[in-house]
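Below you'll find the structure I mean.
Chain naming follows the written order as A, B, C and D, and within any one chain the residues start at number 1.
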Amino acid sequence: MKNTSPLKWFASREGLYYLALALLLVVILPLALDPFRLNMVGKYLTYAFVAIGLVMCWGKAGILSLGQGVFFGLGGYCMAMFLKLEASTPEATAIQSTPGIPDFMDWNQLTELPWFWEPFHSFSFTLLAIVGVPVLLAFIIGFAMFTRRVGGVYFAIITQAIAAILTILIIGQQGYTGGVNGITDLQTLMGWDIRTDEAKTILYFVCVGLLFVCLFVARFVQNRKLGRILVAMNAQENRVRFSGYDVAAFKIFVFCLAAAFAGIGGALFTLIVGFMSPSFIGIVASIEMVIFCALGGRLSILGAVYGALLVNAAKSGFSESFPELWPFAMGALFIGVVLAFPNGLAGLYQTYVMPLEDRLFKRKPKAAVSAPAKPAPAARQDEGRDYDPMLDQYSPEKS
Amino acid sequence: MNAAKAQSKDFLLAVEGLTVSFDGFKAVDDLSFYLDPKEIRVIIGPNGAGKTTVLDLICGKTKATSGSIKFDGKELTRLKEHQIVHSGVGRKFQTPSVFEDLTVFENLEVSYPQGHSVMGALAFKRSAEVVAAVEDVAETIFLKDALEQPASLLSHGQKQWLEIGMLLIQKPDLLMLDEPVAGMSVAERKKTAELLRRITKDHTVLVIEHDMQFVGDIADRVTVMHQGKVLSEGSIEHVKSDPKVIEVYLGH
Amino acid sequence: MFDGYTTSELMSIFAMQGFAGLSLFSVFVLMALGLAIIFGQMGVINMAHGEFMILGAYTTYLVSGFFQSVLPGLFGGYFFVAIIIAFLICAALGAFIEWAMIRHLYRRPLDTLLATWGLSLIMQQTYRSIFGAREVGVELPEWMMGAIQVTDLVELPINGLFVMIIALSIALGVYLLMYRSGWGKKVRAVVQNRPMAEAVGINSAGVDRMTFALGCGIAGIAGAAFTMIGSTGPSSGQAYIVDTFLVVVFGGAQSLIGTIVSAFGISQAQSTMEFFLSGSMAKVLTLLVVVGILMLRPEGLMALKVRR
Amino acid sequence: MGTTTIAAGGRSHKSKGLRKSLATLAASIMLATSAQAATPATDEVNTTGLAVTDDTVKVGILHSITGTMAISEIGSVQAEKLAIEQINESGGVLGRQIEFVQEDGASDWPTFAEKSRKLLRQDNVAAIFGAWTSASRKAILPVIEQYNGMLYYPTFYEGLEQSPNVIYTGQEATQQILAGIDWAVKEKGAKTFYLLGSDYIWPRTSNKIARKHIDKLGLKVVGEEYYPLGHTQFNSVINKIKLKKPDVIFASVVGGSNVAFYKQMKAAGVDFTDEKPLLLTISVTEDEIRGIGGENVEGIYASMKYFQSLDNPNNEEFVAAFKEAWGDDMVIGDVTQAAYLGPWLWKMAVEKAGSFDIDKIREASPGIEFTKAPEGYVRIHENHHLWSKTRIGRAKTDGQYEVVYETDELMEPDPFPEGYQ
């Protein structure tokens, strides 16, 4: 690899795109927005984690999960359990019949903390669980399904059913989970009040930092041979299999990766919003997450971030001004992205903006490098080729 | 048990009593045949005789209802597809299936037998060794000059060769080719025959083919299948003169 | 838990519980048949299926209002008219959607899923704009309200029987259409080998449109029938999504018989468990069992082993 | 931003100067027509930087007007707007016209938290009237406590909460349940009960209280059952009910499930007018009956503090005003009436305290009496809930309840009932 030096990488086209995103998230938005709006952007960004995972899982490997909310929720619940235990000191809960346990347990006649809550006294365990619990569930689901070659639509429907099951369970077991209200009234993280403006601003930057970590992990994966195999698997699963790869293992890996990202996003969501509830796990929430990824461009990890930001910002904007129009807009977005722009924003960017950039910076136009009909793929380890934000032409009508 | 062991020592591939049925229909019915090392075997037979299914069974794409497939002492019916590949069986499909989005180089690189586990694929680096192996195979399959081309721009025949190349780079002991010259021009057929002859110096090859001219060019022995069973087996001259074969091909 | 009941009481209860299972079964069959046709025969996931059902329900609501104000004398029979109109309206909309949207997505089943989800959002909001956010009450004719007294304890609700009859006639109709008519032959031909079907002169685009329209039309009938037992509101359709898809997938995608078998299995399991457990746990367990079985047997109950 | 800032009662003016002069004019008219004291200076009545000017005060309305909850919350929005308009017409609060900022919670709990934060931080509203589900209230609660705001919450709910920053204008569970069960036992001779609810916190808590109370009375609960929200198949539970033959079905099913439940009960041959078993609900208001259909619920009883058919002059006026403002086909349920109380109770607290400061309002609130309440008479308890009477209504086919019983005394609110937890 020629571009090993980080400085050089930042000067490359891909590096510049990352810099632009960093500039937007670290400098422009914090300067332009008041803490209240910035906090909302932070909330949108937590969905970007899910969207990045979906790019890897759905865009690249062709596995559409309609249950990403499950992993988002699990990560979020792990965080919420830790914070709730911290908030439920015996002093703070002195009026309860059993002081020292979360308030909703007391209302439900629980007299001691359930065993699975105990470990969440520990912050390090919590951090581990935020990634570990979603990954473990993803592994179990993935192992059961992918080794038996369940894929495509079937996988989508089963993950959807799992989202439904978990929602009903959490709502029904309210003594252990807080029920439909969720786990609320979270105040401090290791003694640090997360409700103040300063804390919210700091959490925003933590969120941005972790987002970039996940972006780089995703980028690393897609640029290795693994990334190419994921894409290849999507188009020619049998060829990959008969080239000696255990296709199921790769699918499990990428599904777990997406679950881990979603779990981190969920934990940050809990911190930024201040509570967690089953409504973020359910079917509707999970399908909405797919549209973040689809709008950004299902093959572009950077696009996923913009997709999550834009859809959520539009949702807030619409619901403030024209609430009854929002479902129409959202519906049209789904249909439009699928019918007219299957490559989402990243595709539009490549078609319309990049030629302008080329002219502006007098770069060699891309078309000369790869055939216009089918720009070549993904990320290559080798030298010198221009970065392709769309990463791959999505062409379902492959011969 | 002992007999079976002895056989698997003598033969590279021993298929015995192989049967598969789809909802009662036996696509392959109590089939047995044996391959010697470095042999080129061609399977012929009318449409629906079960030829492709045999390859599917050997490479694990279809699971056998009963019977055994012994390869180099290993029972393949119990292995998963990628394990079968790792034990040295390569399979080319009837329609060319290469990775259209990748270049020829990358197609071969992905097939290089290293970094096949998830972690391996994460850690895989393009070493000089890999590059050398890729260039070597590219030479063999007449695609040395096309290494940087996306596979989608190759001609139909070139894609077939590329797929053969993707098998070769895995250094398999047994190559299974399903109609490798289907849809090729005359010139391409000739080159493919030459390619196969080169390959057989180090490989055992099992081919399904319709083109009798081509079969005559390459085959050591020919197995004729009909309705899931072996109808006749032997040299090309032998099976051509077998009345049962003539009956099946010309009788109806 | 059966202490203190006489044998005859218990017998009656089991009879009624069996009937409850059967009515759940007919509900599932009605929900799933339209979807099974579309998914099984075309490979399209129609996430707006529930909204098509609700369109049928709103149609029934409008027809009932029309009869009440214009033809009060014939009110008792409005339901039959409503079913036919619901079928026609939903089928027409289905044909239009197929033309405008679905036909561009045939090779991308996952994308049809997203696009039809978008469609479902739009349909929901349309209902909300037209009929208001509140559920509407659909008035039933008097003869549908009561129950048939079989014994002291055993009473069979007339509308439950009615739903059952509709479900069975539709299942029979679909069977005849798919397996005993020329059109069904064409549909199956297109499913099995599209290029070949086209080559022998079948207008496959037309077949697709009709299939989709038929599936949507059946959803409309289901919706009309559900006004008797469920709610009619802008988002009522969403309640059916998960159950419906599971029934279809569990049955094996391309098998209509499988859909019926799976509807039967799931409904009996659920209603039996509901009797012994609390409702929520019964639901969770049923879903878990179905998902578990699907993990072990992904092709569903009745899938054909196809030689590939 | 897209928020709506409207002075209620059509008093929105573009020009600030004009507005001021008009308001002064209005104030002088008010001085002449009412016995109101002179408008106190703003810096005296507002020491914490709320959005109070010399002639206006800003409040927030925060309900879902989109999403699944919109159906239920719309009535509350209408009632709150009506109350604000009436207060403005009668001279405002401390001589200031109320302006409201309406935000949409979109049936999404983080949105509620967000929007309440916006109302408090950006708009500096003096009070928020809003939230409907417990989940949305729980989401708002930390925000409103953190920024020291005031929330008027209209829904009857499960109790177990008592925030210094919330006035609960609906009944907490014991008020509804104890009166309802006592009535069924005393008037109808009920001995056995079947508890049925949707599966979430309110029905579960309510049934818990009901069960304890039934135990205390020495009577029997023969079944308790929960179904997921949105469940539409109730045949099994109907069979269980038939098997157990309870005297009373105590139902707290909500939403779309309600429609399915009552239709299927009816279809299974249960005629509620026979009262065998008698059905007593705490969740079906006149609003819900519109979706269920009056003929399906004829004969059921509901235990609540308010019915549209209540026969008193306050209510007559209220119903007339509500219909005039929002249309003749409107129905008014328990929560809608409770929402209507919010702005009035706030106005009285402000005027009693002589200040818009939250701390002073909080202190002034307990003991406030509202004699013009449509439900009759209410008084704010020390615990921020309302003393109120509980009534039993019997549903008629036209979708209205006929009030058959009313407690003699005001029921004391008891959000943490001893012995019921």
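FYI, contacts are C-beta pairs under 8 Å (C-beta built on N, C-alpha and C of every residue); 3 or more make two chains touch, one makes a residue touch a chain.
Composition by chain, UniProt nomenclature: A = Urea ABC transporter permease subunit UrtC; B = Urea transport system ATP-binding protein; C = Amino acid/amide ABC transporter membrane protein 1 (HAAT family).
Note that this is a predicted model, so its numbers are computed, not measured.
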Chain occupying the middle, per Cα centroid: A
Chain whose mean Cα position lies farthest from subunit A: B
Subunit B and subunit C, separation of their C-alpha mean positions in angstrom: 48
Euclidean distance of C-alpha centroids - subunit C vs subunit D, Å: 38
Intercentroid distance (Cα basis), subunit B paired with subunit A, Å: 43
Interchain centroid distance [CA atoms averaged], subunit B/subunit D, Å: 75
Residue numbers of subunit C (touch at least two other chains): 128, 238, 280, 283
Junction residues of subunit B - those touching two or more other chains: none
Touching two or more other chains - residue numbers and ranges from subunit A: 168, 171-172, 324, 327
Subunit D-facing residues of subunit A, complex: 34, 36, 39-40, 43, 95, 97, 103-104, 106-109, 168, 171-172, 174, 179-182, 184-187, 195, 273-275, 277, 279, 317, 319-324, 326-327
Residues on subunit C engaged by subunit A in the complex (per definition of touch): 39, 43, 45, 101, 104-105, 107-115, 117-122, 124-125, 128-129, 238, 241-242, 245-246, 249, 280-281, 283-284, 287-288, 290-291, 294-296, 298
Of all residues in subunit D, those that touch subunit A in their complex: 1-3, 65-66, 103-104, 106, 108-111, 113-114, 117-118, 121-122, 133-135, 138-139, 141-143, 146, 160, 199-201, 204-205, 208, 226, 228-229, 416, 421
In the complex with subunit C, residue positions of subunit A that touch it: 58, 62, 64, 66, 144-145, 148-150, 152-154, 156-158, 160-162, 164-165, 168-169, 171-172, 283-284, 287, 290-291, 294, 324, 327-328, 330-339, 342, 396-397
Of subunit B, residues touching subunit A in the complex: 59, 61, 80-82, 85-86, 90-91, 93, 97-103, 106, 109-111, 113, 115-118, 121-126, 150, 152-153, 163, 166, 170
